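Look at the two complexes coming up: chain A is in both, with chain B in one and chain C in the other.
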Partner chain A sequence: MAIFSVYVVNKAGGLIYQLDSYAPRAEAEKTFSYPLDLLLKLHDERVLVAFGQRDGIRVGHAVLAINGMDVNGKYTADGKEVLEYLANPANYPVSIRFGRPRLTSNEKLMLASMFHSLFAIGSQLSPEQGSSGIEMLETDTFKLHCFQTLTGIKFVVLADPRQAGIDSLLRKIYEIYSDFALKNPFYSLEMPIRASLFTQPSWAPDPSWCGCFAGGRRQLYWLHKSLQPPRRLCSSCNAWQWC
Partner chain B sequence: MSRPAHRRPEYHKINKDLFVLTYGALVAQLCKDYEKDEDVNKYLDKMGYGIGTRLVEDFLARSCVGRCHSYSEITDIIAQVAFKMYLGITPSVICNNSSRNEFSLILDKNPLVEFVEELPAGRSSLCYCNLLCGIIRGALEMVHLAADVTFLQDRLKGDSVTEIGITFLKKLDEKKYRRKK
Partner chain C sequence: MTVHNLYLFDRNGVCLHYSEWHRKKQAGIPKEEEYKLMYGMLFSIRSFVSKMSPLDMKDGFLAFQTSRYKLHYYETPTGIKVVMNTDLGVGPIRDVLHHIYSALYVELVVKNPLCPLGQTVQSELFRCRLDSYVRSLPFFSARAG
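Let's turn to the complex of A and B:
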């Protein structure tokens, strides 16, 4: 998938919508016997591998699950501390799943507001008057594209560096946002988008009622996959025409 | 195969009478609920404000207008693009007083009052289309411009034309987060 994430940030810098569509990450699950030959340490409420890289388990990977049950930060699903649990020889043999740690929603909120501030700094650093903020941030593994509307809402898309057509994708996301989030009369502006139509993947059987952001997301997927117009038109953004 | 720069979405046609009648029913119900004309006008404006804050995003998403650099440019866009897109009419723009940033939109045809002959007795200061004023005010506020929008003349009240006056007050601070009213 060429698009990694989509973030929608409101005027105040708060994250109101977030979507991750990473490819399945490299995860490794192995059975271990006592003593564990990996060195684990606690960092940022997570248990990370500090030393002992082997077999697909790399330094920096986090403990994701023990014996098939997902861990909750530094605690197992039962509420015991992971490091204590793994120090006890009675619990072995144990099957541990390691993988790249996922961002928690709090971390995403923080990153979004940090980006909001950087965006403002970007426009202030400019030698020219009236410059826009950060439009693109490039790294070797991804490119971050940002589009700020005239009303101050920012749409941020993280995509593959070689991916083209992200500008039209950002405009399309703006259209979908204006349709499904804003036109919902019970949605308050600047609040997190909880409209199920915006997030839920639904292909309703009635062809005249298409959907949602993820229905829109499929359209967006086609959009940059082939740079062709989507095969299905979003027909529920009804605007009245005077006849 | 490259995609066109902006693809207009298909608009479904709907009978405009339904919209005009719905608006009429709304105003009639407000007249029943509130005795004073000022109250009805105030609530129409408030409803329009709520609509305007949302409609502006739809407008900006679909019309691809860029950043405007003057108040007259903004009024031109409201008249020629926005009114055309949503109501199918193009009011003409007059600058009343450029030093005080006052502009007027002259509507020669107003679809909303198609079936209204005259205002009822005792409702002589009712602004029937005050929703439009609220919409414009809400939309301008979302793009950080405070404006005062009122009806200067109204055919329903006996004037020759319908005139909406827009007075731009000030630019709102973009960086400070303002709590929504």
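Let's turn to the complex of A and C:
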């Protein structure tokens, strides 16, 4: 059970906030001797496995590190091309770490605007009157939940398929966005959110998230008394509170 | 619970078959355009989902739902795509879509020498059997409207 990532997309399809909260898994490190028994190819400025799936290394995985040094796209840590480096017998034996390619910030921007269009097409192709766009998208490894506000901002959460209570999380994120991004006088609408109150990890969903943010929010208020929002009547204890 | 419509695409994006049962709203564009839009959306969702996934995927994209309908998706290793739109109350129907592929499409179209592959299915037998199969589904109800 986990929350994998959170995306906030503005009404034009631009990504204004993104958070990842998963540790990369399924990485495999192996030592190879000269003729490399994997076929590697260059794709989107990354070196990917094209053929030769084995020992946890799967087709589509990227070269993440060579001899313990992280690679930088298609270049090694000292600026040589990975494919050239691995073609040279003098560099062997070599230890290579493979794993799922991580998303760059450019790709995240692209995926956010892609979802924005898919959302619109989903509502256009509806067989029923008055349908919204995609609210929940299900795959075998994750579920994507999307909440669009009346003003057109989309909050997108990627979570484990069995994780419950995402709807309340989405509304909570909306509330935090309204309180800490919109009410911040230095925030300009539709622009990436940099307000530290919104982005700081004390409210961020951690993998053991249990469905309640109250603790984190109270802590936020403690730390930033100067930015307290107006008090309101608490529905559970029926008293004027900060909760 | 009800079934709205069903699309069958081949791996090149040709719409092999389309049928509808309780469809209350048309997309407002010609049918050919609608098939292209649907195939394009599924194609993009597939690539979107494979990039977004935090883990390696096996089946990939399964379904999405909006406030009014749910789209179920099933793809075979050969790239045939079966897409069924139902209302929100319908759970996972992977086995139903697999049955449409294996017991109807393969048996009545692929094994039929008179049906050229890669074109809209003309077989009347396939249409009838598909229609009666969908009508016999437990979540298919002839709700008026």
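Heads up, the rule we're going with is that the second predicted complex is superposed on the first by the 194 of 243 C-alpha atoms of A that agree within 3 Å, B and C clash if a C-alpha of one lies under 4 Å from a C-alpha of the other, contacts with A are read in each partner's own complex, and residues count from 1 in each chain.
By definition in this document, contacts are C-beta pairs under 8 Å (C-beta built on N, C-alpha and C of every residue); 3 or more make two chains touch, one makes a residue touch a chain.
Quantities reported herein were computed from a predicted structural model and do not represent experimental measurements.
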After the superposition on A, what does A:Glu107 contact: first (chain B), second (chain C), both or neither?
second
Figure out whether A:Leu144 sits in contact with chain B (first) or chain C (second), or with both, or with neither.
second
Just checking: does A:Gly152 make contact with chain B only, chain C only, both, or neither of them? Give me first, second, both or neither.
first
Between chain B and chain C, whom does A:Ser168 touch in the aligned arrangement: first, second, both, or neither?
first
Touching A:Glu190, do we find chain B (first), chain C (second), both, or neither?
first
Chain B versus chain C as contact partner of A:Glu128, first or second or both or neither
second
Doubly contacted residues of chain A, that is, touched by chain B and again by chain C:
none
Can you tell me which positions in chain A touch chain B when the two form their complex?
11-13, 120, 149-153, 165, 168, 171, 174-175, 177-179, 182-183, 188-190, 223, 227-229, 233-235, 237-243
Which stretch or stretches of chain C touch chain A in the complex?
4-5, 20, 22-25, 27, 34, 37-38, 40-41, 44-45, 48-49, 51-69, 71, 85, 87
Given the complex with chain C, which residues does chain A contribute to the contact?
4-5, 22, 25-26, 58, 60, 100, 103, 107, 111, 114-115, 117-118, 121-142, 144, 158
Okay, in this complex, where on chain B does chain A touch?
1-3, 5-7, 9-16, 19, 53-54, 56-58, 60-62, 64, 67, 85-88, 111, 142-144, 174-175, 177, 180
